[in-house]
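Letters are used for the chains, namely A, B, C and D, taken in the order the chains are written, and counting of residues starts over at 1 for each.
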Amino acid sequence: MSTVGAGIPEPPRDEPNSAWLSEEELSEARRRLPLLYVEAVPVRVDGLGVVTHVGVLLRANPAGEITRTLVSGRVMFGETIRDALFRHLEKDLGPMAFPLLPASPVPFQVAEYFPIPGLSAYVDERQHAVALAYVVPVTGTCEPRQDALELTWVTPAEASSPTFHAELEGGRGSLLRAALASVGVLG
Amino acid sequence: MSTVGAGIPEPPRDEPNSAWLSEEELSEARRRLPLLYVEAVPVRVDGLGVVTHVGVLLRANPAGEITRTLVSGRVMFGETIRDALFRHLEKDLGPMAFPLLPASPVPFQVAEYFPIPGLSAYVDERQHAVALAYVVPVTGTCEPRQDALELTWVTPAEASSPTFHAELEGGRGSLLRAALASVGVLG
Amino acid sequence: MSTVGAGIPEPPRDEPNSAWLSEEELSEARRRLPLLYVEAVPVRVDGLGVVTHVGVLLRANPAGEITRTLVSGRVMFGETIRDALFRHLEKDLGPMAFPLLPASPVPFQVAEYFPIPGLSAYVDERQHAVALAYVVPVTGTCEPRQDALELTWVTPAEASSPTFHAELEGGRGSLLRAALASVGVLG
Amino acid sequence: MSTVGAGIPEPPRDEPNSAWLSEEELSEARRRLPLLYVEAVPVRVDGLGVVTHVGVLLRANPAGEITRTLVSGRVMFGETIRDALFRHLEKDLGPMAFPLLPASPVPFQVAEYFPIPGLSAYVDERQHAVALAYVVPVTGTCEPRQDALELTWVTPAEASSPTFHAELEGGRGSLLRAALASVGVLG
């Protein structure tokens, strides 16, 4: 999940509030509290709102492996969910993506990540995180920055396949399929 | 609900399918089957997707009274819900409204209109109609045509008030408030 | 979809309104109007509301083939969606199923069935039908009656598989997967 | 929000995980991180799932004033949202309430509480809290314990009124109305 997830503190200029945590304090919080995240599935839609393509990130995880993942990151103290969503979309897709944030603040799914597998479909070795997940149409040009290597656009049919499913990290294959289902295009 | 609702057959060029009903056949169907409608609450959103204004139509109803209402109309045989939604938005808001249809086909509410009051919050003297209702951001210029007199933009706070609520026909005050609640701006 | 779907008029005692259609009139309506349906995915839940099993019907379709399907049927004139849902659940699962209808009238998905494939994920050769689909926990004993041969309970993991998916008629594999996704258990 | 909210640490026997925070550590976390909460609107439903009554708590807030509020409390480290929801329902309604947790983990609304008014509809002087809110039918007998003085059952019409709205603390009048809208009974 984002650079925070990779263990690198985010640059102060991205912080919405001066109360951000040091690396050490964040590690401490991670052992004591569930952390709040947002996740986004960027999509392309046609003139009638039908999802035609789904954007998935290629990223090197902390272990150096290349995996697929979604736009994702932590909600900071004092930050609204919309601000966090916009900030992480810009961080992962670049400033020209022009995302259209949903009018409704209700996520299509709530993903609960636990350090130990089996409690839910989602696993995050570092922490207990609860992510509010949204489908977000983007209308501009996406240029992944920071640690994301590439953004791949796939069709809903490709994204629905079990093989694609297995390539996503931390159980996000299930989350992607729930995203496709929520917009009526799961194959 | 739209010109169909007012008892005037829609012009053939608007029909998505040649199997459209004559005035008489439609009257007959109205006494035998629930009719499927779509309704839309047009909204303006800011850069983060927050609803800032809500569009409400002023219309002369069949009895000649001026009432407030929402964008609304029937789904035709062979027509998708998205096509029907787009067609009625264009009919009521004009061709330059540029509506952004939602990626999800799930409505924020299902409104059941019955000819007799008391079965639900919604009444339609002419028929049993079931309407799938959507919040639709519009980005262009709205110029109501046909029998809609005017489109008024109001703030969520204004639209939340009991007095405004009472001005909407057929119980649509409840539907408008449900729309505001679904996007997190009901006062 | 139910006995109505199989072309056999339902017995008058099940009819919520005297205005029900003759076989001939229904055939006529089917060529002119989208018909409103409800569909239900019966589930078993544990003490925390987690779905543990999903109920799927085995049925002989009009062509005499055995297929899997969901609880489904038409909404009659004058009937509320809840009444229709309850009536079809009782018809397909028997009077001792004790379904817990959802407090929210918003479906998890809207399935659009067209006579011609390609317009949507769902096909119904007989008609254009729009189905509001709900996940419904049942707490009692299910004894399918009428033309349903059997009700099978499967785990979410089994129901998520592509092979199971393919056994459902009319594209309802997609609908079942959307149901699983909506309750957070799609594998 | 619950006894945690009132500044009194919850008794260890209620804690799902040994990693719970001391009073001091919780105060510290409150200045640095958004805290994750669940909220519940208990309801009574009829045989068709229609909400007939809504449960609201009377409680003495930390300042000693009597206010109305909803079932609410923090999600602990390692605890699922369902477990937290069940724990707080039991804490606020007693062990015989028999709540039916929703099959879907998606909340009807996400309420963002900030220490400073104006950022959202919700205010919590103590902290930045993000609450996932659910409507939960209860089938048993409710006996509020701990610091809740009383549980009052009101009709949806009563709960929809502006006067009732104003009696709820921290902006929860909006949340209650959104709950009513989500189940189709907002007046």
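In this text, a contact is a pair of C-beta atoms (placed from the backbone, for glycine too) under 8 Å apart; a residue touches a chain by one contact, two chains touch by 3 or more.
This one's a predicted model, so the numbers in the text were calculated from it and none came from an experiment.
J.: Fit chain B to chain C on CA atoms, both being copies of the same sequence, and give the resulting rotation angle in degrees, nearest 5.
T.: 180
J.: With contacts defined as at the top, give the pair, C-D or A-D, that has more of them.
T.: A-D
J.: Using mean C-alpha positions as chain centres, tell me how far chain A is from chain D in Å, no decimals.
T.: 28
J.: Can you work out the whole-Å distance between the CA centroids of chain C and chain D?
T.: Averaging C-alpha atoms per chain gives centres 35 Å apart.
J.: For chain B, give me the residues that contact two or more of the other chains.
T.: Expected reply: 80, 105-106, 108-110, 182, 184.
J.: Quick check: in the complex, which residue numbers of chain D touch chain A?
T.: 19-21, 25, 29, 31-36, 75-81, 105-110, 112, 114, 119-120, 128, 130, 132
J.: Any idea which chain D residues touch chain B in the complex?
T.: It comes out as residues 109-110, 121, 162, 174, 177-178, 181-182, 184, 186-187.
J.: Can you tell me which positions in chain C touch chain D when the two form their complex?
T.: Residue positions touching the partner: 43, 45, 48-51, 80, 82-83, 86, 100-106, 108, 135, 137, 182-184.
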